[in-house]
Every structure is written in C-alpha cells, then in structure tokens.
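I've put the structures underneath this note.
Look at the two complexes coming up: subunit A is in both, with subunit B in one and subunit C in the other.
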Partner chain A sequence: MAEPRIVIVGAGPAGVRAAETLVASGVRPIVIDEGGRDGGQIYRRQPEGFRRSYASLYGSEAGRAEDMHRSFDALRDRIDYRPETLAWGIWEKQLHLLQGSRTSAVDFDALIIASGATDRLMPVRGWNRAGVYSMGAAQIALKSQATAIGKRVVFMGSGPLLYLVAAQYSKAGAEVAAVLDTSPFHLRVKALPQLIARPDVLLKGLALTLKLRRGGIEIQTGITPVEIEGRPEIGVETIRFRTSKGKVRTIACDAVALGYHLRPEAQLADLARCEFRFDAQTRQFFPVKDADGRSSVAGVYLAGDGALTLGADAAEVAGRLAALAVLSDLGRQVAGVQVARLRRRLRIFERFRRGIAAAFPWPAGAAAALGEDTVVCRCENITAGELRAAVSDNGAVEINRAKAFSRVGMGRCQGRYCGHAAAEVIAACAGVPVEAVGRIRAQAPVKPLIIGAESDAEQAA
Partner chain B sequence: MKPMQADVIVIGGGLMGTAAAFFLRRRGRSVILLERGLVGQQASGVNFGNVRRQGRFLPQLPLANRSREIWGRLKELLGEDAEFLATGHIRVCYDPRQIGVIEAYAQKARDYGLDLELLNANSLKARFGFFGPEAIAGSYSPNDGHANPRLAAPAFGRAAARTGVAVFENTEIISIAKPGDDFQAIAADGRMFSAPIALVTAGAWGGALSRQFEEPVPIAVHGPQMAVTEPLPYRLKPVIGVSTAIPQEVVYLRQVERGNIVFGGGARGPAFADIRRAYAVPGHLGNQLRQIRRLVPALANMRVIRTWSGIESYLPDDIPVMGPSARVSGLYYAFGFCGHGFQLGPGVGDVMAELIDRGSTMTPIEPFHIKRFAVEAARSVSA
Partner chain C sequence: MTSNESGRFRRLGEEGRSRLVFSIDGQPAEGCKGDSLLVAMLMQIRHLRSSEFGDGNRAGFCLMGACQDCWVWTDTGERLRACTTPLAAGMRIATKAPEQAWPSLA
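After this line comes the complex of A and B, so read on.
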C-alpha cells in the first residue's frame, strides 16, 4: 500500500500533537497552517526577531507553550509544513488551499481538522465603534505585536478568557479600567462540583482573579451591558453598564475587549458535510464526533477547539486521539491502553467544560433586549430591527432564510461573529427554540479569496 | 379528511408558481399554492438575478418583453421592487467570428421589439472603460437589468397571500391525479387539495409530476456556480456577460447597489433533487476567476467571500415546458427553465394566469408545449 496521505489543518495544540503522533508511527503528514508560525492562537509564537521571554508572553502557560514549540521544532523536518496557507474549501477527498495569491489542492486519505476557535460574541449597542475588539484580537495584539488595543481598556463578556486576557494586559503594563462579567458570581459557586474536575486550573483561575483584585482592578459580576459610547472620529470613549444591583454606571476607556467564551471554527467540517448536533447547555451547534474524533464523514477527523471548545490542554489530548484513530482506521497497530488513557483524560476535560459553561453562561437573553438600532451584523451593518423585520414581516424563522432576507451574516466574516447572536435574536422574535433556528451553513471560501489568485498550474504555464 | 377546495391548485412555490398564483388571484380565481419547502428557496432564490432579454431564444422574446414590463411595475404590484434595477445589460465577445453572431442577433431581435446597440472596440472602450483588451465588440441592451433572487419569489408569495391565495409551505405533494372532474393532490402528511385546474410549476421536480399524467420529459438537474465578492463602491452599472461559443469562457457578473459583485458561469456543479441540495465545486472557481480577470481586469484585487449553488432543471433543447397538458384537460405546466427563468418569472406567471383564465394567451408560447417530447418519444419508439 502506498504511503497514506494525511493532512492536518491547524498547527495549534491539537494539530501539533496529531502530527507528532503520526510522525511517531512513521507517517509524514502535511500540516496546513493559516498562521505564519506554529502554536495556534493560544501558543502563538512572536514574529521572527521579537525577543520576549516565555514567562512574559505566556505567563502561567509558559511551560506548556515552550514544550509545544519544542515539540514542533523537533517535527519540522519530518512533516510537510505549509505556513500562511488557508484551507478554503473541500471537495470529496481534496482540500483546496490558498497561499498568498496562489491556489492549489491536495488529495487526502485522511483529514484531521484542528481549526481552533474564535470568540463568541453578543452584540451591545456601540460594539461597532472603532476601539472595540474581540477578546482573541486583544490577545493577538499583545502576543504577536507586543501592543495593546488601547491605553485604558475595559474587558467585558464572560468566561475564563475574560480574566486571563485582562491579567495579561495588566502584566504587560496596560491600564485595565475594569473587568465586567455578565455572569453572576453565585453560578461559579454552584458549578464547583464540576470545576473541581481540574483542581489545578480552578486554582489558577482563582489566583488570577485575586491578582487582578490585588492590583486594584475593578471586577464586576452579574452586570448587564448597556452601551459602548464614543464618537466616529475618536472611537470608544466610555462604556455604560448596569451593575448586579441595577445601578447604571459609566467607565471611561479608549478600548473594549469583548467575548463570551469561544466558538469552534467549524466551517471546514461543514464543507466536508459533517453532521452537526445542538448542545442545549451552550445553545450552539457542534460537529458530531465520536470519543476519538471521527466525524460522521469517513476519512474526516476533528480535534481540538475547532470541534468542541475544551481548551488547549484538551486539544493536545484530542489531537493525539484523532491521530491514533486515523492510524487505527488505516489498519495500523495502535496501543489500546494509550487510547483508553487519553479518552479518560478527555472525559475529565468534558466535565470541566460543562462546569465552565454553567459558571459563565452565554447571555442568550441579551439578544431579545437588543435595541432596534443596535447593529447585529457588523460586516453588512444590519441592525436588530432589520433582522426582526425579516422574521415578523417576512416570516423567516430559520437562520439561512433570515440571512437571505436581511443580509445578516452575508459579509466578509460570513456570520462567524454574528451568527450565534443573530440566531438568538430570531428565536426570541419568532418565539421558537434557538435549536429550531439552526445555524448558518458554511460556504466556501472559508476566508475571503482574491480574484487575482492563480492556480499552481497557471503559474507554471 | 375533507380536501381543501379552490379554483386552481398551483404546485411549486418558486418564482413561476408565486407569480402565477398572484396573477390568477388578480383575475378573481381562488388559488391554493403548495410548496414543499419555503417559497423561492430553490432555483428561484439562488440564481444570478439576471433580468436579461438579449441573447435569448428569439421566439421567447415576446414572453421576455412582457415579463420585463412587469419587472418595471413590481413596486406598484407587490409593494416592493426586489431590488430590480434597469441598469442595462452588455455582452462582449473576444473572437472576431462572434461579432457576426451578435450583429445577426441584434438585427433579428429588432423584429421582436428589442433594440440593441452594437459597440465596436472603440465605442466599447469609450462607454465602458473597464473591459479588458480582449473584448473587441459588444451588444448593449439599455432596458435590461438585474434584481435580487433572494427577494423576488418571496415578494410575489407574500403579495399573493395578502390578496387571498392560500399558501402552504412545507407541503410536499406526493401524488396528484384527476379521478373525476377535479384534480386531487395529496400531501406527504395526508392533507388533500382539490381543484378543477392544476398548474405544475415545480421546477426540477416538475418532471416527476408530469410523469404522473403520463407526460414524461427528459429533465436533468445541474447546479449553477455562483459567487459574490466583498463590497466596493457602486461603479459597474450594467450587467455584464460574454458572448462566446466556448462554454468555459462564459462568465457573467453584476454589481449590486450595496457594492458586492455577484458572478457565475462556466462549468456547472452537481445537483441532487432528492436531498434538495446542489454544491458549489471549489475546483470550478479557478476558471471563473481567470475569466473575470480577462473580462474586467480591475477586479483582480477584489475578494470572493461566498460561493453557492442551487438546483436548476434543464431540458435537452434548452427551452422550458410551458402551456397546457397534451393529455389532461385543466392541467397546465410551467417548469424546466434551463437556467434562464428568473427574468421570465413574472411574465410566465402573468401568461399562465391569462391562459388558465381565458383559455388562450396573447403571448406566443407554442414552442414550449410539452407535446414536443411526446412526439420525440413516439419517434424514438418507431425508429
């Protein structure tokens, strides 16, 4: 049998561990990375020439980051690594790529999609102003470019990342004006029995909060966002919110980082025609996979936050498991003990994930309260009122229908940032469960593709 | 279960069906419109959005002219215009041999009331400076234009419902027969609908219904390959196409007022009527991009943000099935528009309503009669 062609999309924790596992079995995978260097988002490496230490870049995760980068460096000659390459489409057993302005296609026998996650966002009036960033973007600015999104930054949303990024900013010397969490504190206490599944992470989280408080940073829980105010020529000037006690407060700031956990970048899985399932707790759809990462489509495997947002440590485990599943399905000998151990670890991460989701819930109710003139889809500048008109006047209940009528999710980001919130707006307006509203179907290209792009064959000609 | 009764059952809620239901109602008929999914979701909703007459099969021009007149009155008729813009439509050619083809077409089209302006390389450059150097001649149709397919059929559907048409979405008809004086249509969930007249406007699924009346047609389904770019300032007014004998050179594009450029053309993709899905094939995009660069080089720096497809139905002679049944009285067809039905939609609805209401129509549609396939079938049997 010819050498199997195995392609991994992503070089974050899941992709790197998958590659490592395959290499250990004597396979040379192709690793497609949208980034310029390995590490993914969480362990993003600084550009060449930057000289910051691991401790200053990754804080409490420095050890893991360093280990991940060393592992990758050791693999470098034994994999076909293609950085700055976008996997933009899938057709049958072929992955379509874009590198710069050159398109190409690779055939695969097995495809491991480790595409990672991006921020899950709930709009707030004024979130389309200059100076408002997603939590992930705020982190990229720091890690990659050693710059902050503003001089005085408010972090608003919910989830562990809220505290982590705020702490990273504080440590880097930026002024953190406040951390505003929509989740009430008591939910954290209630979720303790699940959160204790990973005592180390729980302690890290507590220490982080404590450190922020000791640094004199204001932390508010159970808040309700009201508005991000500012002027077009200046951008963000203040943020207004309601405290858990119902008092309206205003905080001066020049930038806001916004985010409510993460959502999987599942477009490739969708384009590969993988099945999706609805997760009632987090009110979103995830691609279906078995315990080892097999999707519903033969030959397509899913690992890491691109399939289910369990975090970076779990992504390493899921990456290994997916690679072992690939090897096993190709008829290679795989150690059952190793698989069982990895599965066990993944189950612990899953329990912890449920705890986090319970402690920091997605603020679904905020969608119903969005003012008519609040922008939902930033790319196409579609307001909540316009989206609701597609529902109440034109009868759209399913999200792709509402998209067709209103243009919501039709812009550059293809609904990656507004899709979840739009679904909640529609569900509330139509009075149906968000599950019935569905999810925006992915359509190639996964990211914008330049018309000037030429194929390998054309360039050779 | 007691069947629901009306004067006419329309099966298929695409642009043809919704428009026919709307115009039948205006003629005082009671109408039941049955749609298996949602109104305007299939070919009517995913096509390019061309409101183009030039280049059509010449005997189809009277129908296209009638439709164009309705496009211009959409706002008045429906309360919304489905973003119809009479921006003009221009076709250019690259091959000197094609110049004769477009000149001959322009001459004949005049007899059908369609005036086209012919442009040589210089006038093309002067009037439309954005074309690439390979474009050597063109034919401009000033009163053609484009509209938004996502909005048109739903707008007709809503207007029909407002004026009293009983619209049933998510209603799949699994059998239709005419046991007595009335047609009986039975939905998958057992609901029954009855009327003395039935109109089949079921697009790609039309053949499955005509077969139930022993009038099979050789229908094939394909998926057009559509794409759209990010928005840019609104500059390209006319709809643009290529006149060519080489299939892979076919590309067409239009800029919407919002600024995005919609394009399509080239090889078609697979479509699956059973699962109601058609796919944009990533491998087809490369040729489309190459042809776009050739046609309007300045677009090379724009980015494509989305591709899509939909289920379109084609007949071997590239013209639709339209008119009364050859076998069953009270039965009418309008389906299989071979990828060029969007412009015709409102006119088809109006003509079918007239035909059903008056027993005849002022607009010639004889070439589209379903009997042409019965003749073919008989011929192939005797041969």
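After this line comes the complex of A and C, so read on.
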C-alpha cells in the first residue's frame, strides 16, 4: 500500500506534537505553517540574531518552550516542513497553498488542522485609532521584536492574557499605565472549584497579579470601557472608563492593548465543511470534534486552540491524540492505554477552560450598549448604527445576510475581529438569541493573497 | 538608536543589531536587522497608512498577519503587509497607495 499522505496545518504546540507522534510511527507528514519559524503563538521564536535567553523570553514556560523547539529541530529531517506557506483553501481532499507568489495544491488522505487562535475583540468607541492593538499583538511586539507598542500602555479587556502580557511588559521595562479588567473580581472566586483543576496554573496567575500590584501598577476589575480618545492624525491619547463603583476615570496613554481571550481560527475547518456547534457559556461556535479530534468530515482532524481554546499544554495533548486517531483510522496499531491517558488529561483542561470562561466572561452586554457612531468593523469603518439599520430596514437577522447589507465582516480581516461583536449587536437589536444569528461563513482564500516583494527590495539595496 | 521620540513603538533591548537604511515617503530612515517593516516604521513615525474611510491614521492591529490593517506600498506600487515583511536595506516605502495603479487583490 502506498504511504498515506498526511498533512498538518500549523507548527505550534498542537501541530508539532502531532508531527512527532506520526514520525514515531514511521510516517512522514507534510507540515505547513505561514510563519517563518516553528513554535506557534506561545512559543514564537525570535528572529535570528536576537540574543534574549529562554528564561527572559518565556518566563515560567521557558522549559516547555525549549523542549518544543528541540523536539521540532529533531523532526526536521523526518518531515516535509514548509514554512512561509499559507493554506488558503480546501476542496474535497485537496489543500491549496501559497508560498511567496507560487500557488500549489496537495492531496491528502488525512488532514490535521492545528491553526491556533486569534484575539477575541469587543469594540469600544475609538478602537479604530492608531495605537490600539490586540492583546496578542502587544505580546508579539515584545516577544518577537523586543519592542513595546507605546511609551505608556493601558491593558484593557479580560482573560488570563490581560494579566500575563501586562506583567511581561512591566518586567521588560515598559511603562504599564493600568490594567483594566471588565470581569468583576467575585466571579474569579466563584470559579475556583473549576480553576483548581490546574493548581499550578492557578498559582501562576495569582503570582502575576501580585507582581503587578507590587510593581505599583493599578489594577481595576469590573470596569466598563467608555472611550479611547485621541486625534485622527496622532492616535490614542487617553482612555476613559467607568470603575466598578460607577465613577468615570480618564488615564493618559499612547497605546491600548485590547482583548477578551481568544477565538479559534476555524476557517479551514469551515471550508472543509466541518459541522460547528454553539457553546452557550462563551457564546461562540466551535467546530465539532470527538474526544480524539475527529471532525464531522472523514479524514479531517482538529487539534489545539484552533478547535477549542484550551491553552498550550492542552494543545500538545490534543495534537498527540489527533495523530493517534489518524493512525488508528488508517489501520495502524495504537496503544489504548496511551489514548486513555491523553483523553483523561484533556478532560482536566476542559474543566479548567470552563473555569476561565466563568471567571473572565465575554462581555456580551457591551454590544447592545455600543453608541450608534461606534465603529464595529475597523476594516470598512461600519458603525453599530449602520449595522442596526441593516437589521431593522432589511430584517437581516442571520449574520451572513446582515453582512451582505451592511458589509460588516466583508473587509480585509474577513470578520476575524468584528464577527463575534457584530453577532451580539444584531442579536440585541433583533431580540433573538445570538446562536440564531449564526457565524460568518469562511471564504477562500482565508486571507487576502499578498504578493511579497522582499527579494526585489533586497536587489535594490 | 534608542527610542525615537517621534516614533510610536519603544525598544526594550536587542539594540546591538546591525543597522539597515531604508526610506519612508522619501525621508531617510533607519532600522535594525531582524526588525519587521512595521516595527522599523513605527520606531520612526506614528502610523503606517491612513484609513481609506477618512477616520484617521492606522498603525496595524494584530501584528500576526490576520487583520491586514498594516498594508503599505513600495515606490513601485507593490503592496506589502508590514507586520510579516522583514525590513530589508534599501526598501523605499510609501504610506499611501499609488493612484489606482494597482487593482485590489483582496
């Protein structure tokens, strides 16, 4: 029998562990990643020539990061690794790729999608100003480029990354003006029974908050964002919010890192026609998968934060499980005890995820309160008022219809950063549950195809 | 090349890298080897482009190739995604799209 063609999209924790598991069984997978280096989001590698140590780059996760990079280096000769390659479409059992300006296609018997996550955003008046970045962006500026997104940065939103990135900035010597969390503190206490599922992570989280406070950094919980103020040419100048006690405060800053935890990059799963399910707790859709990562489509497997936001350690486990599922479905021997152990670990991560979601809820109610002139879609500059008009004038309650009428989600980010908030705006306006509004359907190419010009520029030098 | 007052970003280390010279809208600029074009530009100025909808300047948003807010152009009209393009010596960057010389590929 010919060697099965197995393709993995993503060289983050999930993809790397999936590749390792396949290689251990004598299979040579193709590993595709649009990034230039492996590591994914959390273990993102800095460019050649940077000198910071693992300890200073990855903090308490330094050991894991080093292990991940070593594991991948050891795999290099035994996989077909294609960096700087975007997987932009799927038709039947064929994956379409773009490398530089060259497009190509690979046929697969099994596809493991380990595409990771991006920030989940709720708009606030003024979030279209220069100097407002996603929480992940703030971290990338630091990790991958040794820079801060501004000279005085406010961190606003909710979720573990809010505190983590603020602490990383402070440690690296950046000025952190404040940490503003929309989640009230008491929810954290209430979620303890679930958060205790991972005592080590819980402790690390508490230590982060303590470190921030000891560094004299203001932390406010239970806040309501009001506006990011500034001038069109200059960008951000101040941020205004309401404290949990109802007092309106203004803080001067030249940058804002904004984010409400993460959402899966599930476009490829959508293009592969995988089914999705609504998660009532976090009010978003996830692709359906079984305990091992099988999607609803035969031959398509899902692993890591691209399928369910469980975090990096869980992504490693899910990557291994998905690879074992592939092997088992291809008729290879797989150790049942190993599968059972991995599944058990994944269940612990799932309990923790529920705890995080309860402690740092998505601020759905903020969407209904968005002012008419607040921009919802940064790409096409569409306001909450224009979106509401699409609902009331055209009766467009399903989000893909509302998109056609209002252009929300049609811009260059393809709805990644406005989609969830737009659904909430529509649901509140039409008085229907958000699951009835649905989700923005993915379209190929999953990102606009950009023709790079680096080589030309080098010749010009 | 420590923090440039006119720039948006601030360096927090790794400053011993070799320098690369490029230009922004005809003005000479300098960055470090290993900088993304976005970082190199935002060390000098406060924006990358202005919004086609007139709501002001833009300076990128996600830094991971997902939002496409960081498009800039070369003087020959090619479109670059600044956050995922490494800075190269001699780049001649424009913060405005060349006059309709280029059909949108989006």
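Here, the second predicted complex is superposed on the first by the 449 of 461 C-alpha atoms of A that agree within 3 Å, B and C clash if a C-alpha of one lies under 4 Å from a C-alpha of the other, contacts with A are read in each partner's own complex, and residues count from 1 in each chain.
Here is the rule we use: a contact is a pair of C-beta atoms (placed from the backbone, for glycine too) under 8 Å apart; a residue touches a chain by one contact, two chains touch by 3 or more.
Only a predicted model underlies this, so the values are computations on that prediction, with no experimental measurement involved.
In the superposition on chain A, A:Phe405 makes contact with subunit B only, while subunit C stays out of contact range. By the touch criterion defined above, A:Gly49 reaches subunit C but does not reach subunit B. When the two structures are aligned on the shared chain, A:Leu449 is found in touch with subunit B and with subunit C.
Once chain A of one complex is fitted onto chain A of the other, the partner contacts of A:Ala146 are limited to subunit C, with no touch recorded for subunit B.
Once the two complexes are overlaid on the shared chain, A:Trp91 sits against subunit B while remaining clear of subunit C. With both structures placed on the common chain, the touch criterion links A:Arg378 to subunit C but leaves subunit B unconnected.
Among subunit B and subunit C, the chain that touches a larger number of residues in subunit A is C.
Using the contact criterion defined above for the overlaid structures, shared-chain residue A:Arg341 touches neither subunit B nor subunit C, since it reaches no partner.
In the superposition on chain A, A:Arg76 makes contact with neither subunit B nor subunit C.
Touch criterion met: A:Asn394 reaches subunit B, while subunit C stays clear of it. When the two complexes are superposed on chain A, the residues of subunit A that touch both subunit B and subunit C are 380, 412, 448-454, 458.
For subunit A in complex with subunit B, the touching residues are 88-91, 94, 96, 103, 105, 380, 394-395, 398, 401, 404-405, 407, 410-412, 414, 443-445, 448-455, 458.
Remark: subunit B residues 38, 41, 45, 150-151, 154, 158, 229-230, 258, 279-283, 285-286, 289-290, 292-293, 299-308 touch subunit A in the complex. Contact residues on subunit C toward subunit A in their complex (touch as defined above): 3, 8-14, 16-17, 33-36, 39, 43, 46-47, 51, 53, 55-69, 71, 74, 76, 78-81, 85-86, 88-92, 105-106. Note for the complex: subunit A touches subunit C at residues 34, 41, 46-52, 118-119, 128-134, 136-137, 140-142, 144-151, 172-174, 231-235, 254-255, 265, 375, 378-381, 412-413, 416-417, 447-454, 456-458, 460-461.
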